[in-house]
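Input: structures, listed below.
Two complexes come next, and they have one chain in common, chain A, joined by chain B in the first and chain C in the second.
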Partner chain A sequence: MFWKRQIPIAIVALVGTLTLFGWFVDQPDIKSFVDDDATQWYDILASFAIFLGALNLLKLQMQKIIKRKKGWQYSIFAIGGFIFAFTVGFLMRGAYTVNINSAGETPQVVAQVVAGEIGGTIQASEVLLGLIEEDAPLMLEKVHFTGKSVNKVANQLKESGADAKIIPASWGAHLTTNGSFFNWMFFKVFTPLSATMFALLAFLVASAAYRAFRIRNFEATLLLGSGIIIMLGRVPIGSKISSWFVLYVIVLLLGVIVNSWKRNRILTFSTVGIGIILVTIAGIYMGWPIDRPAFAYLPKLQDWIYLVPNIAGARAIMIGIGLGVFATSIRYILGIEKSYIGE
Partner chain B sequence: MNDKKFWFTFGIILIAFIIYWLLGHPFFIVERVTMLYAILLAAAMLIFYINKAKRGEKIYLRAIPGLKAFEEAVGRATEMGKPVLYVPGIQDMDQVETVAGVIILGHVAKMTARYETALNVPVARSIVMKAGRESVREAYIVEGRPDLFHEDMVHYLTDDQFAYAAGVNGIMMREKPAAVFYQGKFYAESLILAETGNSIGAIQIAGTASPAQIPFFVTACDYTLIGEEFFAASAYLSEDPQLIGAVKGMDILKVMIIAIIALSIFLRVFNDLGWINFDILKYLTIQ
Partner chain C sequence: MKKLADLVIKLGNVDRRWIFIIIAIVVMYPLFKPLGLPIRPSESSQEVFNTIDALPQGSKVLLSCEYGPSTKPEIHPMAIGVLRHLFEKGHQVYVTCLWPDGQFMAREALEQVAENEYNLTYGEDYVLLGFRPGNEAVIKGIVSDIRKMYTIDSRAIPIADIPMMNGITNISDFDFLFSASAGYPGTVEWVQLAADPTGIPMSTGVTSIQVNEVMPYVDAGQIKGILAGMPGAAEYEKLIGKPGIGTSGMDAQSIAHVVIVLFIIFGNIAYYLERQRSKKTF
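Take a look at the complex of A and B:
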């Protein structure tokens, strides 16, 4: 019990206090512990833990296939993908290049081979010929996935009289080398798949916006109104809409509100009539400028909505979040919250 | 810690700090002293209300519909004979939101154990998997149903954001859970998950402190715990007086912050007008 209860609580309290109060202290050892060591310890632990995750994934997918559970076919892809990525990342270098140290006595022949290798033309081979003749090692940019493929090119070069050497990418660097097998897998398979998932957002945002903007109550209507103003105010056409047009729309909306509130035709008609007359008089008096009055000009209005009510709400949420994080941390440091040890 | 102990400890810390200060406060970053006062005050406030709650004083907490709906959602899944899906976010245990998510998972697991409902928890980090398992295991033991617990309830999918989203979506489409909980730290995958959950007709309860994801969850989920509600969820669900006291302390802190903001506005205006020679921003800005 001591090892499973008191010790974890003491570690959490100690490290938590050190991290919290370390921010106020300008002492190199404490600073390096808080900023680097503690996070590195965590990273090391997490790196080992990944094996647990990977084994769990494999186990569950295998079980699915063996027991022919619903959708077991997908598990074949999951396991296949895992094995493929593991092999390419850990067991294969997947990145070999050829260095030509000297072109020997027949540089023209070597240049022909090189041109074939890089898929160039005779013109390109002439340029290469110049490089080779300078007697400096030339690294061919093309990266080969397998040793067999690179051997073939190296042999061709050797047969043409060149002094060629195969340079394999070093372990670790093979993951980031441009054109390596892992690199190819990452950018040609993994990235497009991730991008596909991400692209789904465009459609999902549309369906979510439809639901959010449906007029159900006052708040939803407010959201719809703000949404329309923000969207129109941020596109070029928004700046072409005169603020007077917006004012007339506001007058009409006012009429709708008065009508649904009082249910009186004369009052509604008077409100709309007086509103239109007032706006028209103001327009004639001011000379109908497109961006005046500013509160009805969509680009300005959207700016205000975005910078005032929106930021105010976001900050209120942020203060709440900050307090929540602080309270949770204090509960941990003081040992009040012990759910991480199962209490 | 009772009141006597609290004041005693508080006094010792205060005296130690005064002595340290008088000795020339070596290594201390003086510009950050306001922040230290704020932290000490806030911590003292939390401890004070925790003690108050421990003494048995009645503490009122406003009802949060999202938290009341937890039991309802699990109950619905039970009635429909479908599983409950719990998504604890895509970040690791070094994020306090994930920690909060795992704590809430324990409470949800208690409900599923009580109602004998299947629980599925796909995770995106191995450490979260281990922590989640412990949490669920304890919940099932506490509810007296260790026989219903099996380790694979909490299982690992992948570390990658969109691959994880694809995996969880696949689970949703195949298993059609009746209740889906999203409690943790989320990024762009939030809407992908929540819209898929919506399309299968599941009751969805989200909780996050990621401000950018809150609108998506509000739109697509039935209930959303926003910001501090999410962190207070553990207290509400456990009904533990200590945790409820901490929530009350948090609310009082919020009132204090509002008062400080209002006071600071006046002080700043007076300073700008030249009526006083005191710039409050110098103290409130984090150095």
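Take a look at the complex of A and C:
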């Protein structure tokens, strides 16, 4: 119990206190611990966390398949995808190129092989072979996924009289080397899948907007109004909508409010009529500028929403989160919060 | 009138697949036939441009890529635009990534701009340091000692062998920081742990959905301007005078937004009529 309870609590309290005081105490050793050592510890732990996450994923998906839970067929793809990515990333270099150190005595024959490998004419390949120097070999840019494939090319070159050497991409760099297997997987499999999933949002948002974005009460109306202003004000088409059009819409909405409030036709028509006349007179007087009055111009209106109500709300949330984090941290340091040891 | 109301109510309950088809058509049409809608740079995009434009020639700029394929349409044009501006002004660019897929995005952007457009030399004009796991800890590491965090770059070249890394030990050796971010860890962590404590000027480009969260820092002057979503990317492209994918995407986004607004209005009319009818029934 001592090892499972008191020791972890003591470690958390000690490290938490040191890290916290690192911000307030000008002591080089503590600062060095907070800035360098603690962050490196975190890096190491984060790296192990990735392995734990991967093992957990495998465990959950395997359980789903074994117990034939709903949608277990998808788990086969999840595990298959994991094994494929793991193999390509950890076990295979997937990126081999060939360097030609010398074209030998039959450069014409070598040029034929080079032209077949990189494309282009045999004459162009001959020119490239002519540029080879002792410390500047010709690197064929085509990247091969497997050793078998690159061996075939290297053997062809050797048979034609060239001094060719296979160059594998170094571990780590093989992930991002242009044309490598992992790189191919990222751009040809992961990227389209990921982009497709995200693009579906546009359709879901449109469908949800049609069915769920309803004027049910005051708050919903406010949300709807600001949503429409932001959606139109943020895009170029918003700057094409005249502020006078927006003013006319405001007058009509005012009529709706008056009608729902007083239920009086004469009053509603008077409000709308007077509003339209006033807006029209103001328009004629001002010469109908598209962006005046600024408060009714959608791009300016959306700027205001972003800069005033949005910032006020965001700051309130941030301060709340900050206080919450502080309180939780103190609970950890003082040993009150023990959920991390299962209590 | 009753028939019209019936029709509106019926359309209000239309199968959602019809909505999907309409959205697909209105998004695709401007991509094939651009409308050329005017782009108006916002104040925050202008501030990003002004801040980068005012950097003295040869400045050392840290660019961090925290986005992946899903958010590529929004963030990638910003990264491209900012890189073009930086290289045009002759700055040295150091690229880090807090997201694993950010490294692929960064490499693609550097390949397009640094290699193909400006024909720059790796290790002298730009370097891709790559991804390191650890989120905030990586930022803390860069702030205190970048050489402990990065011993090799993304091409497995030792840091000591990269010419432009000479004299770079921590964040204070950089003149400017730009975070191209699509979430956590990203802009907020960079401003809290790097830009604000060290006083390094910083700008950012984020997804539209993140703007709310980041705006308080922009308003307080802790971040010098923000490129907000695809419109921000298009505005930056206009400011640097090089229209790209951000600009062409704005027509599609404009029309899609208008159609969604029309859907909302139409849906509400149908909802109102249905409610009136149900009130009469009871």
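One rule holds for everything that comes next: the second predicted complex is superposed on the first by the 278 of 343 C-alpha atoms of A that agree within 3 Å, B and C clash if a C-alpha of one lies under 4 Å from a C-alpha of the other, contacts with A are read in each partner's own complex, and residues count from 1 in each chain.
In the analysis below, a residue touches a chain if its C-beta (ideal position, glycine included) is under 8 Å from a C-beta of that chain, and two chains touch if they have at least 3 such contacts.
Bear in mind that the values here come from a model prediction, so they are computed numbers and not experimental data.
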State whether A:Ser329 touches chain B only (first), chain C only (second), both chains, or neither. first
Have a look at where A:Lys188 lands relative to chain B and chain C in the superposition and call it first, second, both or neither. neither
Under the stated touch criterion, which partner chain does A:Ser339 make contact with: chain B (first), chain C (second), both, or neither? first
Which of chain B and chain C A:Tyr74 touches, first, second, both or neither: first
Which partner does A:Met318 contact after superposing on A: first (chain B), second (chain C), both, neither? both
In the overlay, answer first, second, both or neither for which of chain B and chain C A:Asn310 touches. second
For A:Arg211, select first, second, both or neither according to whether it touches chain B, chain C, the two together, or no partner. both
Touch test for A:Lys262: chain B only (first), chain C only (second), both, or neither? neither
With both complexes overlaid on chain A, does A:Lys152 touch chain B (first), chain C (second), both or neither? neither
Counting contacts the way the document defines them, which residues of chain A are shared by the two interfaces, the one with chain B and the one with chain C? 39, 42, 46, 50, 194, 197-198, 205, 207, 209, 211, 314, 318
In the complex with chain A, residue positions of chain B that touch it: 27-29, 32-33, 35-36, 39, 42-43, 46-47, 50, 92, 94, 96, 99-100, 102-103, 106, 125-127, 129-131, 134-135, 137-138, 152, 155-163, 165-166, 170, 174, 188-189, 191-192, 194-195, 209, 211, 214-216, 218-220, 226-232, 234, 242-243, 246-247, 249-250, 253-254, 257
Across the complex, what residues on chain C touch chain A? 16, 19-20, 22-24, 27, 37-40, 42-43, 68-73, 101, 103-104, 107, 111, 130, 132-138, 140-141, 143-145, 148-149, 152, 154-156, 208, 211-213, 215-216, 219, 228-229, 231, 234, 250-251, 253-261, 263-264, 266-268, 271-272
Chain A residues touching chain C in their complex are 35-36, 38-40, 42-43, 46-47, 50, 170-173, 175-176, 178, 183, 186-187, 190-192, 194-195, 197-198, 202-203, 205-207, 209-211, 213-215, 224, 227-228, 231-232, 234-240, 299, 303, 306-307, 310-311, 313-315, 318
Please give the residue numbers of chain A that touch chain B in the complex, ascending. 20, 23-27, 39, 42, 45-46, 49-54, 56-57, 59-60, 70-71, 74, 193-194, 197-198, 200-201, 204-205, 207-209, 211-212, 314, 317-321, 323-332, 334, 336-337, 339-340, 342-343
